[in-house]
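Consider the two complexes below, in which chain A is the common component and chain B and chain C are the respective partners.
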Partner chain A sequence: MTVAAIVSQRAAWRDTLAWRVVLSVVWSLVVTGILILMAGKNPFVAYQHIVLGAFGSWPRVVVGLNKAAPYMLAGVGVALCFRGNVANMGAEGQIAMGGLAASVAALIGANALGAAVLPAALIAGVLGGAAWAAIAAAINLARGVHEVLVTLMMNFIAWLIVAEFLHGPMGEIDAGFPQTPMFENVAWLPKLVARTDLHIGIVIAILAAVVAHVVLWRTVTGFRWRLAGASDKAAHYAGVSRARSVFGLMLVSGVLSGMAGAIEVLGVHYRLIEGFSLGFGFNAIAIALLATLKPLWVIPAALFFAFLETGALSMQRQIGIPSSLVLVIQGLSLIFVLCAIGRGARRI
Partner chain B sequence: MAALLEMRGISKSYGSVQANAGIDLTVTAGSIVGLLGENGSGKSTLMKILFGMVRPDQGAIVFNDAELPLGSPREALRAGIGMIHQHFTLVNAMTVADNVMLALGDSRFWLDREGVAARIMRLSQSYGLGLDPDSVIENLPLGMRQRVEIVKALMREAHLLVLDEPTSILSPPEIEGLIGVMRRLKADGRAIIFITHKLGEVLSVCDEVVVLRDGKVSGQTPVAGATREGLAHMMVGRTLAEAPQRAARPPGPERLVAHGISASDAFGLRRLQDASFSLRGGEILALAGIDGNGQAELCDTLAGLTSAFIGTVTLDGKDMTAWPSNARLEAGLAYIPADRGGTSLVQGMSIADNLALRDVARAPFSRYGWLDPAGARKLVDARTKEFGVRMAASDAAISTLSGGNQQKVVLAREIGREPGVLIAFQPTWGLDPGATRFVIDTILALRDRGGAILYISSELDEVLAIGDRVGVIAQGRIVGITNRADVDVVRLGLLMAGSAQDHGPDHSSGAAAA
Partner chain C sequence: MDAVFMIDFLGATVRIATPILMAAMGGILIERSGTFAVGLEGMMLSGAFCGVVGAFLSGSIVGGLLAAGLGGLLFGLIIAIATTKFDTEHMVTGLAANLLALGLTSFVLRTVVGGGKAPVIHIPLLQPVAVPILADIPVVGALLFRQPPLTYLAFVGVIAISIFLRRTRGGLLLAASGENPLAVFAAGTDPIHVRFAALLAGGAIAGLAGAVLSLQQIGTFTDGMTGGRGYMALAAVIVGRWLPLGTLAGCIMFGATEAMQLRAQAFNLPVSSYVIQMVPYLAALLVLAGLGRTARLPSAIGQPFRRD
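Entry: the complex of A and B
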């Protein structure tokens, strides 16, 4: 291959969206490094501890993968919604309601259902998230309240409902913390690798991302979602009803987020704890944007967010740099990506 | 007479496209120069260079015996060049005087409203503009708004006015009025560059014509002695047949009947009043009308895109008033909307996806809900070939195509489906003569195959050229429908301006049915 060919190939790669996303992440690390330096610490040591904390041992990797699963599920739902021009801010509440519904099913059904309690709890989680999303979609469509307002406000209501259950009928007596009693073993999510904490959530999540990709690009439904996202007027002209696409997309987001809440309670905590998924839904929005709304790219984006968080917790323990540093990295990488996409859009 | 403006050797290229290649343009004071050319011939680039919005690669501009600094709109304004764009830059909620004051950009703290109003009155009287400084813009018809733009330029001491397709939004009487204003400006020693597609207007008002093609001056001639055919030949480099070919054809069965339709726009404003017509196979009913007189509401009602209407619509004898747009489409109703940029095409999607836009749920675009890329590809290739879409590949974004080729994609989708009834709303809007001709020929061919066509346009000439029956839509009413042979052009022009009495809905179809 000639030098010119290599250079032109590299130039083509430099124009791709993937390269811009990678570059954005690198820049966010550089800027955060400068902040660490200003705080009087060595950024290379800090990053070394983040990497060690995330990947240093098998149990550390497992924690990261388990953390990534709900991010991925909810992130795929948000990415689909945003593509269809539905500004769904409600993953947070849909996860909470999914977790609550799954817990209710796991606690009540343990005796009656036997081994069927696990699928029942998963289905309950999915239905809980979907119902919560459907309410938001109905308010948006019937009364014309903007979807950002409805979905955002319903997050707080969801959390208060979860708290109400934990402080009231479902709370464990004398636990000293708002949580339910532990679920029976049959209701636990199966492990992916025996004798570790790694549950099958990550497989479900990756499968969901792949299915979402196929639906988006290979089906008539996906075409209509993309059309609804590209142009309101053209979608209307093509006979794609806004009501149907909003309702469908919100339901998909509710199903995926509800599943995320269910696997979190059934796979990690084995009980419902107040604040068990605090911030997951908002992270999902950031992950969807970092993935430039591509369902498949949500997989690496969610892994990046999850491992960054597990690594940072370990860094805080080891060298005393606050783990909230990851919020800086996450925020900066998102801003850089949004800027890079903006520039790319103008170029076309 | 001395030259007021001299543009010398103007060249500008965008990448590999040479928009202007060594253009010379001279305008003397007290003259009107017509600037003709198809879309993409370099007219707008040349005018942007003149106005300082684009910096040329080469060339110089001399205005009023002084070299004009290039690439500075501020300098162009100060030198006395006024540009009247197709789209007005007026604040609708403010008065005429307020808008003029905004344009003057007077930086003193206290406003001199009385002084400005007095100057507007003086200009209005001396050029016969008929403007009241205190009237609010949104209450003025488009023709008057255009005159506000002219006053803005005159108040800034413009010696040279550039009018960019000023007649495209005007009714025939308003066009007459504008031409009168242009003549008075010329008599006062001001110069005008008049950009237009319409050859008749050029011949009636200009002193000289400059024709651009492919970024070069392809012809330059005094108007005295020029002919339509000669100008058209200079524009497109080939002679267009004068009138589209059409064979007389007995009307077929009644296809589309609208009865007593009244419709409102998105703001609940009544736009269409008791409109009725009937349409037979193998005929074109062409309605002329100035934009915003209910055409959009009529089209949306017929296509099933709005529920804000009363009245009934039948297709082939079946009442389809309650049908959604998809059911109407499957029953053979095709619709070409006016807005190519955002409604009939999605700029961010590929050519193939745009062809699938309204048919994606059917074979060969999909089977059982799954997209069928191979089947779609075959159809896309066949249709783009049949309609002569010039493109690199069908998966390229539609935005890479020229306006004419984009409209061919719309035709390939809507007419390629071989519809029984076609609603065509301004299908030639913004197209150059060659592409316009293609659209009209394609629609005429559909008529000859027995299709029923409702053709709506703001161009009276076009409506007269294409319609088997011709009528007017004005102030939400369909009036004056007559058979092609009995058309009275003057009366149609007056009806378009809304100045004649309502003659009730659709006389000729009643006669035809009888």
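Entry: the complex of A and C
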């Protein structure tokens, strides 16, 4: 192999999206490190504590994996939407409504359904998320209101609906915190590993990412979505209905986000609590972008976000650096990734 | 419902509408120039933070206001560099900037400013200034002409931006950059520069909107204190069809619904406070849906400009 060939090969490798994403994350860690220095602390010690906090023991890893599951599910939905040129900002509200619907089903169905209450609650969560997304899609398509605005407004409404339920009919009396009573054991999401807190959500999430990958790249529906995202004109000439792909994509996002909300209440809290999913949907958008809108890449991106968060919480307890550092790293890496890929993500 | 209650209610409406209005004016400049202004929330938050820190460190309210403008401008600059130099998607860039602002303000407050934990900073509030003569008009005088300075600035800003967009060369260039950037380029101005400048100016104005909250209404900074007002401002811009006066109407509507929610008990409404809190968002959705496709975006918004 000639030197020129090696050099060009290396250049091609440097040109890959994966490399640019990794570089962006590294840069965000460098800039954040400077901030930590300005705060009078050692960035290496801080990062060491984040890593220890995330992976230091089996229970910590479990917390991270459980956290990653809803991020992954919602992130896959957002990635598909963005690929189809649907700027869906509504995962946040869809997760909240999914969690609410699953909780209602788990509380009401516990006596009547017996062991069937768990699948019923999961289905309710999926339907709750999908219904919320469908309303947004309907307003967007019927009245031409930009999807970003519809979904953003509906996030606020979803939070308030959850609050209304918790302070009203579903709230636990004398709990001192807005939450429902605990679900019956039968409604709990099964554990993946016995005697740990690790629930099967992470498996569901990885499966969802794989299925989304196959649908996107190996089916006619996926091709239609990609076409709709790549070029309005081409899609139109090919007879692909914009309305159909918008509605379909929003529904998929609603289903996945609703599932994310359901597994969070059924697998982690065993009850609905106020703010149980605060920020999940916005994280999902960041994760989808970090994954350059590739469903399979959402898996590592979601794990990165989840472990970063669990690690930072532990860092705050250990050495007193505020865990809001995570938001800085997330925001910076997102901006750097966006700059590094420009408008390329959707085309490739 | 007596007059005292009405005056109190209208006063609260103006108070709540002011920060949203100020941010929305920045939003109009940004959106009309062709960039989606999702980052208003982050610019506001940064402005609120820098305002408090600036006033605290300089010991003067002018220093605080200057810092607030710069804090908003900084996030305008970040978004401008990303969207114009790197062609990033506007919505997500704005969202990322909001995330960054939330983290950065909270982190810097605790570490650099507070030395480990959140410091307690109390800034004396900007006090109402009475306009001579006008302030003595019954009812209206107290309501409109006995306000703190930034409130006047926000309302005067509506008129100023209205005139700027319609009557000045700069304003026409700005609007043209959002509608037909190629025409602007043909006329000898780079639309990219116009968008860049609009983001800086809009950012500074949104930063002052943050100062309305932190220096004029609350007197300190708390994490995420803007609480979605940037998004409300964005909605107001669209409800107002990207026109200053229409946007003012949208902001007053949002202010009134929130003021009503705070006084829900007095109105004897048969619903809970959470349902009433939904009203501004439902109202925004309804107005947007009612306007339908007539609420036309600036035609080149969100599109990168390329010379070829």
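As a working rule, the second predicted complex is superposed on the first by the 333 of 348 C-alpha atoms of A that agree within 3 Å, B and C clash if a C-alpha of one lies under 4 Å from a C-alpha of the other, contacts with A are read in each partner's own complex, and residues count from 1 in each chain.
We adopt the following convention: a residue touches a chain if its C-beta (ideal position, glycine included) is under 8 Å from a C-beta of that chain, and two chains touch if they have at least 3 such contacts.
Predicted model, so just to flag it, every value in this text is computed and none were measured.
Visitor: Check whether A:238 is in contact with chain B, with chain C, with both or with neither, and answer first, second, both or neither.
Guide: In the superposed model, A:238 contacts chain B only, not chain C.
Visitor: Per the contact definition in the header, classify A:218: touching chain B only (first), chain C only (second), both, or neither.
Guide: A:218: touches chain B, not chain C.
Visitor: Looking at the overlay, does A:227 come into contact with chain B only (first), chain C only (second), both, or neither?
Guide: first
Visitor: Between chain B and chain C, pick out the one touching the greater number of residues of chain A.
Guide: Of the two chains, more chain A residues are contacted by C.
Visitor: With the two structures laid over each other on chain A, which partner does A:168 touch: chain B (first), chain C (second), both, or neither?
Guide: second
Visitor: Now for A:203: first (chain B), second (chain C), both, or neither, which partner does it touch?
Guide: In the superposition, A:203 contacts neither chain B nor chain C.
Visitor: With both complexes superposed on chain A, which partner does A:148 reach: first (chain B), second (chain C), both or neither?
Guide: second
Visitor: On chain A, what residues does chain B touch that chain C touches as well?
Guide: none
Visitor: Looking at the complex, which residues from chain B come into contact with chain A?
Guide: 303, 305, 324-326, 329, 335, 337, 339, 342-349, 353, 356-358, 360-361, 366, 369-371, 397, 399
Visitor: Quick one: in the complex, what on chain C touches chain A?
Guide: Touching chain A: residues 36, 38, 78, 82, 85-89, 91-93, 95-104, 106-108, 110-112, 115-116, 223, 228, 231, 234-235, 238, 272, 274-275, 277-278, 281-282, 284-285, 288-293, 295, 297, 304 of chain C.
Visitor: Spell out the residues on chain A that touch chain B in their complex, using ranges where they run on.
Guide: Where chain A meets chain B, its residues are 217-224, 226-227, 230-231, 233-234, 236-239, 348.
Visitor: Which bits of chain A are touching chain C when the two form their complex?
Guide: Chain A residues touching chain C: 35-36, 38-41, 87, 89, 139, 142-146, 148-150, 152-154, 156-157, 160-161, 163-164, 167-168, 282, 285-286, 289, 320-322, 324-332, 334-335, 338-340, 342-343.
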